[in-house]
Each structure stands twice: as C-alpha cells, then as structure tokens.
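Take a look at the structures listed below.
After this come two complexes, each holding chain A, first together with chain B and then together with chain C.
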Partner chain A sequence: MSVDGSLDRLRREGHIVIVGASLAGLRAAETLRDEGFTGALTIVGDEPHEPYDRPPLSKQVLLGRVPADHTTLPRRREVDAQWRLGVAATGLDMAAKRVHLADGAAVEYDRLLITTGVRARPWPHELEADLDGVFVLRTSDDAAGLHHRLSAGPRRVLVIGAGFTGSEIASACRERGLDVTVAERGSAPLVGALGGVVGEVAATLQREAGVDLRCGIMVTGLEGDSAGRLRRAHLSDGSSVEVEVAVVCLGATRNTEWLASSGLGAGPRGIACDAGCRAFDVRGIVTDDVFVAGDVARSPHPLFGYQFLSLEHWGNAVEQAETAAHNMISSSTDRRPHVWTPSFWSAQFGMNIKSVGVPPMADEIIVTQGSLAERRFTAVYGYQGRVIAAVTFDQAKWLEFYQQQIERAAPFPPEFTTVDRRPEGMHPVPAGFPDPSLPSHGPTVTLSGHSPSDRRISFTPLSA
Partner chain B sequence: MTSVALLRQITDYANRADPYPLYAELRKTPVVRDEDGPYLVSTYWEIHHLLHDPRVSSDIRNLNPEAAAMTPAQGEDPNLPPTFLKLDPPEHDRLRRLTMRPFGPPHTPRRVYEMRGELGEIVSGLIDGFQGKQQIDLVDDFSYPFPVSVICRLLGIPREDEPRFHAWADTLAASIDPVRGSAEDQEAQLQTVRQARADLAAYLAGLIEERSRSPRDDMLSAMATGHGPDGQMSPVEMVSTAALLLIAGHETTVNLITNGMLTLLRNPDVLQRLRDDPDLAVPLVEELLRFEPPVQLLPQKTTLADIDIAGTTIPKGASLWLVLASGNRDPQRFLDPDRFIPDRPDNQHLGFSSGVHNCFGAPLARLEAQFALTELVRRLDNPRLVQDPPPYRQNAVLRGPRHLGITFDGLKP
Partner chain C sequence: MRLVVDLNRCQGYAQCAFLAPEAFTMHGDEALMYDPQPDDAQRGNVLRAAQACPVKAITVEGMNGAPAAEKAGASHVG
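And now, the complex of A and B:
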C-alpha cells in the first residue's frame, strides 16, 4: 500500500473528528469539505449552541442591538457533519485513536483536530464568584445573562480588568447610561496588550466617557448581602465601591484539562504544535494524526524568532483552522505553514482600534501618522531596531502598509516621510509595557519560548 | 513593448474601445517609467499596496518641480480650496468626515438607503420617456440625466435648477478629457471650464446661504448647519465639496451604467439571468466595476519618499499613475480575469480604488447602477446594440461610450 493510496482513502472514506464547535472548528470543517474530503466528519462541542460569533457579545449584544442567540456564524457551505453538541470531550486515547465524551460515548478517528479554545478566567474566590451579580463574559449565555442584568438598570457596574473585553464592556455600559467603575491592576487600560503610551490614550477616552477608572489597583474582595446578592467591592487602596454587578475580565484559560493524561503536549498555555498545526506530544515529538487550531493552539512563528505564539484572535482562528484542515488531508509535501501575522481589532468608546504584529514584544514606540492628542493615530512598535507591531486608533486604512513593514522586518524607527506625520511623532519613546513580574490581565497575545514576557503563568489560579 | 510612449498609447483614442490588450502588455513590467513622464503601475498587488502606502500623496503640491511642469493644470478655481480628493490627511480626513456626517453611517445611516424610492421613480420616469421610440441613445437619454438628478436631490438642488446643473456637469466633465488641437483651442476650453466652475460656485454659495437660514432634510442643509467634533466646514469648503460631489458623483456613474448595459448586451445569457433574477444585480455590479471600471486610472499621485516596489525604486516627488483597470484584469489576482462572471466569488476589485481615498460615493453608485440595469433589462423588450463597439469619449481616465445606441421591440410596463 502506497502512502498516497492511504491518503486517498482517508480523503474518501476516513473519519475526522473535530473537538470544539466554535469559529475554528466550523471553518476547519468547511475547509475539509471544500478541499474534497468526503469521509465522515464528527464535530463535538460542550455548549449546546451551534457555532456562534463572539466579537458581538461584548458590543452589540450588551447594547441590546442584537440578541445573544442571534450571533450564529454564517455558514460558508454545507459541512455534512454529525454534530455532538452539549457534550464535552473528557479524554483522548492517542494509541487507540479515540476521543471520550462526557456522556460516556467514545468516537474513533483517523485524524483529530482540537479547537477547544479558551474560557473566561473566573473570579478566584469561589464563594464570591457565586454571588448573584458576578459575571464573566465569554459565551453567548454569559452575554445574555449580563445583558439581562444591565437592562434592569443597576446603580453601578464594576469591571475588573481593563483589557480589551473589560474596556469594551465599560464602553457598552456608558453607552447605556450606566455608572461604571473600572479597576485595573496595571497603570492604564490595555497596557498589557498595547503598552503605556497607547494605554494613556485609552485612559483619557474612558475618563472622558465618564468611566470611574482606577488604575494601579486590585479588587481584594466582593461582598454580598444576606440573600447572596453582590453589594460591594473592596479595593486594595482600602476604599470600597457600592456595586450590584461585577464583570470579571481577567483574561482566559485554555481548555486543555481534558487532555491531561493523554500524552499530548497540552497545558495551561495551550497545545504546542508545529507551524503545520500538528500537535506535539509530551516528549516534544510531533504527532501524525492530531492537529490543533485557534485559541488553544500554540505554534512557532518564524517572523517572531520562532517563538511559540498563542493568540486569542478571530482572524487567527479562521486562518489556522483553514491551514490545519488543509494539512490534515494533504501529503507532507503539500502542507502549508501557518504564518499568519497576528492582528486584532476592538471597538470601544466610539473608537476603532486595530493592531498588527506583536506589540508586547516591543521596547519602543513612535507615532508615524496622526496624533495621540487627537486620538487618531498610527503607532509603530520597535524591537531591537526592527518594526515588530503597529496599532491604529481610527486610522485602520493604513494598517496594511505597516503589516508589510513587519513582514519585511523593516528597520525601526522608520526613516521615511508619510502623509499626516506630526512633529510629536518624530522620535521613538519607550513603549511602556509593564514589568512582566507584575501581574496584570495580560495581553491577548502571549509569547513563550525564550520570551520573558508571559505574564499568565504567575496569574493562573492553582485550581485551574 | 518598450517603455517608450506607453502614455501616448493609453491616451491614444484608437485604443479607447478596448484598452485591455494594452494593459496586458503593461503588466509584463509592473512598474515602468514612461519616457520622462510618470511611473505607471499596472499590476493588482502593486497598485493595492501603493493605495495603502502612507508615503503616497494625493496632493499634487508634493510633486517635484520637473514632474509638476508636466502635469497640466485643469482649470482649477483658484478661489476654492482643494477638495478632499486632492488632499492628504489630516486635512483630507477632516473634510471627508465632515462630508460623511450627512451622507452615511454612523450619523446618517439611512440617507442612501432611503433614496431607493426616489431612485426607482427617476429610473421609471426616464424609461417611460422611451415610449414610442424604437431606438435610444442610452447615454443622452438615460445614463446622464439619471445620476445628475440623483445628486441634485441628494444635495437639495431645487428641481427647476436641475437643467443648469446638467449643463455645468457636462462642461466640467469634458475638462477631464485631454484637450486636442491648437493652443488656442485649449485656452478656449480652459476658459469655458473656469467660467462653469465660477458659475457653479456662485450658485452653490447662494444656495448654501439660503439653506443655512432655512434648513431642510438634504445634504447642503446638513453641511451648512451641522456641528460635530470637527466643527464645521467653511463656506468655501462647502462650495468646493458640493462641486466635487456633483462632478465625481455623477460623471463616473454615467459610465458605470453605460458600460454595464453594453456588457449585458454583449452577454445575452447574463442579461437574461439578470432579468430572471434581479438579485443578481448586486454581485453583477461588483463584477462590472472590476471588468469595466469607470475610473480607468488614477493619475494624480506622488511620492513623499523613495519607494521600492516590484524591483523598481520610484523616487521621491515622482508622478505616479495607478492603472486600476489593468489591476482589475491581473491574472495573478483574478481567475480568468478577462471573463465577465456576474456572480464571481472573491471579487476585491479596484473599481472604487482603496485606502483612505476609497470612493466616497460608492454606496450610492452601487445602488444607482443596480436600479438602472435591473429596470432597463426588465422593461426593454429584445434590446440590441446598434453599433459595437460604440463611439467612445476622448477621455482615457473616465472611460466610457459617448453614445450607446440601443434598438428594442417595445417597452414593458
């Protein structure tokens, strides 16, 4: 039997299982069918819902413009799959090529794709987390619950953590006319992802929108009344805030616990894989049949020193899923690397924020177009004399150019003249990322390998 | 092909009816300098990158003196500030934002959508006018009057003044054509254009003043009375912007509709598909913008720094011509690019340009073309071309037929 023959048979009548029924899982399934896979396809998801889109949950859904159950992802094509929704995967037997499910069933596979993503990191004190009024925001159900509570008009909302999710929630609250306090451990909102220079702009935006923004502060406790309803939050400066709703926005945890005894190289920072999306086992040897994609994956990126990047980015989920699906049913010479340039966006306080590259890797920043004072600008991040990232506030149309600069490892600071270059942007300044030894909610990009900047480890609760 | 005289070939009227073989030749060298003139860029990705490159300026004041000397003045009104089409950020952004407020999202999200009824009426009225004829000139009888009426309604020009607008629009559109003939002819045309601009400006100034006193629900009123974070346009900026909307807002649509009908008549199977399924109009118009873009090339860009692209260094201050219509037919980007595929997937064409100068009026232009083509094929019984190719206008930049004779057997209600 030739290798090609067995690949043909896999494509024709093999069984592919996808664990994780969200964006990456769906796009992978569609790509498999697009590329001619005609075998059996099973998609396992722990939520009962069809794959849905998450970006609207912290924006349009909280504003009441779209109901939480109306963010179902558009389908690119029929996928003809057996859907096992509302059932979590509980274990993986790599030798037997079998996935165990929470309902006791097992599914056998020829190829497995893991797209189990991340979940919101809960409030670490369980009793406090159980108080009525304490929320996280990751799932459609979370969004529906939070929207319902915001509609009741709480006197004040506390947002714990001013990363992207926290800032978007604060923005939605202000747009709804709700009083909101934001507590952030770092020196400014978004500081972990975009650094202090841009963080200061975000802080100004929040304060101008009427947010009670408190930086350099931790929430030390949540206090309820006798009926178990949240009433008060205690802060590390000794003050307290009367609140009825608190949204915990402390980042995410990767859903890898079910793989604990599988022998796969899976841990709190995700599942390590090669650039072709093939998972590593615990010995660091690449597997043949197990692929990973999306938020749960962690893969080396040649553009960023082959460091293992794990990204919670919408676009990454789509493209990595497509690459993984393609590679799953291709011979080794036809496989493609996943070399997507990290990029993400956010909408908050009337602002369109976009980023390419890996800002937290940078040491310096320069405003190349527009002005921080006007809050319309393009900022370029430099690392050891090359362009490593760029961020735009309401100037997204230029971003593609800077992406090319990153991809070409262009020198930093850029020497050329551009349209809309102001005197204030002529010199690079320190980018202002927090000392990695200080905990913060962290950026939505993490690097590992030889990078010292992964803040998540120290912040992972022991119970997770 | 040598680099010699590329420009002359593009502007040569002999190539007007079908410039695409010439563009195919051009694409063999993605970036090429024409004799001592501008740098021509003809391939999709190179054009796309330059449209997003902040080192590329739309302000001709940044041309180096040598290149500036070769760029003809086009009867600009020295009393009016440059329009945002010819400005860079931040001035461009401010004026464009101010103009956007009364035109589209987020402040006026339904302005264009709510014109649907009016568009339908204008289209129906014009087609009703074909009653009793067996032959029309689509350009004069339909493609011209339609968008001018639309832009007048949008701005809030009183109906009785619309004919004056048609006249000014014709004169100003002609000015974009390269002038043929003697120096006296050119001077005479320039004089006519200046006069039309001055008349139009005076008219608009008067109307804007009137609207600021008694505003209505139209764009001129909104521009004259609106206040936002950017403040307000100055009166001359308003005049300049309104004139831009008039000219850019219809001259291109004329060609979009005419090229569209021509393409449909050359592809009877597609025409029938549109007749059977009016929803096809949406992707079909996109394909039209790729296949026969009304703006064939953007001739007014310049470089603020040396730019290395496709193995060529374009020096600072050079004149840059981006041949959009060529990029749209680049086989490196589009599968089977010379075929008209009305429901083509993956159709990120350059028909509306891209980047910060991406066509301001695109939502309206799309809707106008969709309405026009759907209604024309629905109502014209057995339409046929009188002449193929039809006579084209001189203009190589805003390319389209000057006349498009169509015969038909009758008119459906």
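And now, the complex of A and C:
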C-alpha cells in the first residue's frame, strides 16, 4: 500500500513498523496512538520479553530485592499492536519499504522507526568469554544469570571497567558482602563520563566500601580450570587475581549490523539522523520514511555546537521516541526538533549521582555547593567560558537550576553567589577528562574535534 | 501492578517512601529504590504515593483512568 502524498491516509490506514521493543519502541507506539494514528502497528523485538526497564537490573535486581523478570514497563495506554517478539530484524530494503525478519518473514511499512538500541560489548577473547562465570549485564536474562551466580556466594567477583554499570555492580556486590575487585583502565572510576576531579570522589567511595579498586590497569586474560570454569584473571601489571565471577563492563555496541547493506547511514557509532529523527542514508541525504530514536540514534544538538550526540540515557530514549513518533505522522511544518538536554542518574555506594548537560565537553570544573570531601556537592562544568554541564552527589534539588543555566549558555565560572559559599573560595580547576586523542592500545593516528577550528591529527607511538 | 519512576525527575523528597514503604525505599540519603511490580494489595498506597510526588515522577499502569494492561503476549504472533 502506498500513501505517498496523503498524510491523512497514512494516519488512518497506513502501516507503521517499529523495530526494537524496549523503552523507546514502547513509548513511540503509545505516542502514535495518543496522536490519533489508527492504522496498523507492528513492533519487532529480538528478545522474547515484553518491553522492560533496564536501570533496575544493575541495582534492585542484583541486590535480590526485585526478580529480574519484574521490570516490565508500565503501559501509558493501549497500543493495539501486532508484536513480533523473539524475532530479530535481519535486513532492510528501503526501496521496497520492507523489513526482513530472522524467521524468514518480511513486514512492509509506510513509515519505519528504528529503536534497536545497544548491546553489551563482549569480552574480546571468545574462548575466555565462554568460560563459566564470565558475564555481561545488559538484558533481563543477563541480570537473572548474574544474580543467580552472586547468590551462590562466589569468593571474589571481578568487575572489568568502572563506568556506571561496572560501579553499580561493584556497589551491589559489596552490599551483598561479596569481595570484589574492580579493574579500570583509566585513572579513576567514572573518569570518562565525569572527569578526574569527580572520579577521585568515586574512587574514595569505592575504597571506603571495601572495593579492591585498581586503576590504570587492564585485564589481559581470563583463565579457566579444566572444567571451563573461571578461576583467575591476569592484569597488565603482571599480577593476577583469583576470581570465580567476572563481569565485563566495557560499554556498549550499537545494534546496526542488520542494516549493513541497506543503504542507511548506520554503523558502529549508531544511525545518524536530523533533529527531527529522520535517518540519513549513506549519501548523507535524509530519508522521508525511516526514523530513529533512543540509544542507537545520533542527532545534532544546537546547545552543544550541533555535534551529533549519541546518548545512552533513559530520558533521551523516552523523549526522542515521542518526538520521532510525532514527526512520523505530521506534516513537515508541524514537526518538532529533538532538543532534549542530556540528563542521567546513577545510584551506587549509597549515593545519588545525577548529571545534566555534557560533562565530557568541559575543560574546567568548579564546586559551587557542598564539598568534594563531604561527598555531597554540586559541580559545574565549563567549556570555553560557558556552563556546559552540572553533576550532583546527593544534591539533586540543585540540578534544575543548572539545567536552566546550561540552556541559557550562562557564563562560566558562574557569576552568582551560592547559599553556602565555601570558606576556601571557589576556583575552577581542570576537569581532568582523558584526552580522547590518546589511545590506550598500540601506536595509531587519531583525528579529533568536530568543528574545523578544533580538528587535530595526532600520532601516538606505542607506549610501554 | 506495574510502575516506573523517572529518576531524572526524582529529587529525593521521599514522600513515596513514607506513603508506600513496601514499594519505595530510600537508599542512602537521596537515592530511591522501588519495586517495579509491587503486589496488587499495595495499589491504594502506591496510587497515593504517585499522587503525592512533588515532581510527578511516578507512572503507575492504569492510573488516571487509563485501561489496565493489555498483554503483549496476547497479540503475539510469529
């Protein structure tokens, strides 16, 4: 069926296909119905489960407070969809407007929304990754398996990578009384997301909670016994740790392989789209009928120099899905841009960590309220003389104010006086982000900076 | 019953933890931990908690007169 040139007909009797049945896919489906779409709706998901929420998996679920299969998302309304769950999409034919599925079926669409998200990056060595006791944590099934194993009381757990997921897992392990070693390649936990100044606070929290935290260290190998059970991890400083469980927390990979030969502008860094959530094809031309939202999307943001931001944030998935759904069934003049201000949270070691803006863009940081030593503070991040981000540790109530500062491009350092001006005074210091042009493995050439004035080519020789 | 909390909105007022302690608990001074699928017997408390939230961060299925859950499995084909 073709509905070209007839928006009313699309809204009335068109066929919309959503590939990706998680948070973004569900919220998009609800928005389509909310906005009066009465045509056919098909939702394809590779997991057999109904859309479920992931943030509790590394917290409530690992602590044993909530079963892994109890995080199914509440519905805001009925979506009256045909669900194809447990079936991955395997290909896209943009000319025929058809999605191919793993079971051999094909689904035709008038409008397509891609919300395939990301998956955990596996341990790169396949044989080691297959050892009994080696886990990743992304899906509900991952969480169920890891929780089961933690409940058996392993003598020591190794967490590989101290980003947010790794740090939350380490926190849950300590709360359960398990010995845990954290191996982090950077100088501190969370250093890539929040910088070195705040990372040092995170390191202190981990050590005080009894984590054996090792920074500037890489895991070079995982060793099993004759029965294929994990027994030992080898580290880059020549030492080794006896462990029964290792959780690989090395970030995520975007689920775009199924689009490889589709002609869509999809790759390892996601699917580029315009501010209206319309996907670009490989020629850099925006498509009219393929939309993207959630973790798999990269879209330009006016607040941050029109950089194409790729955000693995819960709130971004919701808001971008709502915008994409609205735009899919609207005329061009009624479309909205996706201009969500990045925000996320993490709970770990009894601390509520929240962020707004884009901290890694910053060059400087200043603590405006509370203090690092008290582990209760608001830190403001500056980039080229303007406020670009803010992070709170147990001071979430201040964040809304700083969001307004970011959205107004307010000057940095902040010019206002704060309620608890520190006796030691307030001075910005370098934020301490790792140099993205410095690779950590082997010699290489890297190109960094997104705008012509920022571009830099660096050669980094092999380091010891 | 199913619920979700938008923890970007949540500012740790803890009203929910007071009104429905079976479903919402504070973890440390400010972080909220909640049961995304509390027992139906908690429904009254949970709805009161959702209504009392100063930042309206709690979404409960079937709140505001919306129809209760349709099950994805019911229309699952293929």
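Throughout what follows, the second predicted complex is superposed on the first by the 429 of 464 C-alpha atoms of A that agree within 3 Å, B and C clash if a C-alpha of one lies under 4 Å from a C-alpha of the other, contacts with A are read in each partner's own complex, and residues count from 1 in each chain.
In this section, a residue touches a chain if its C-beta (ideal position, glycine included) is under 8 Å from a C-beta of that chain, and two chains touch if they have at least 3 such contacts.
A quick note: this is a predicted structure, and the numbers were derived from the prediction, not measured.
Touch test for A:8: chain B only (first), chain C only (second), both, or neither?
Neither partner.
For A:103 in the superposed arrangement: first (chain B), second (chain C), both or neither?
The answer is second: A:103 touches chain C but not chain B.
Mind working out whether A:83 is in touch with chain B, chain C, both or neither, as first, second, both or neither?
Touch partner of A:83: chain C, not chain B.
Just to be sure I read the superposition right, which of the two partners does A:281 touch: chain B = first, chain C = second, or both, or neither?
neither
Contact-wise, after the overlay, does A:315 reach chain B, chain C, both or neither (first, second, both, neither)?
Touch partner of A:315: chain C, not chain B.
With both complexes superposed on chain A, which partner does A:141 reach: first (chain B), second (chain C), both or neither?
neither
Under the stated touch criterion, which partner chain does A:397 make contact with: chain B (first), chain C (second), both, or neither?
Both partners.
Can you tell me whether chain B or chain C touches more residues on chain A?
The partner making contact with more of chain A's residues is C.
One more residue to check, A:369. First (chain B), second (chain C), both or neither?
first
From the superposed pair, tell me which chain A residues show up as contacts to chain B and also as contacts to chain C.
Common to the two interfaces on chain A: residues 376, 397.
Any idea which chain B residues touch chain A in the complex?
Counting only chain B, the residues touching chain A are 49, 52-57, 88-90, 93, 304-306, 355-356, 358.
In their shared complex, at which residues does chain A touch chain B?
368-370, 374, 376, 378, 397-398, 400-401, 404, 416-420
Which part of chain A faces chain C closely enough to touch in the complex?
It is residues 21, 50-51, 53, 55-56, 59-60, 63, 65-66, 70-85, 87, 101, 103, 105, 314-315, 318, 343-345, 347, 350-352, 354, 376, 394-397, 399 of chain A that touch chain C.
Sort out for me which residues of chain C touch chain A in the complex.
Where chain C meets chain A, its residues are 2-4, 6-8, 10-12, 27-37, 59-61, 66-67, 69-73, 75-78.
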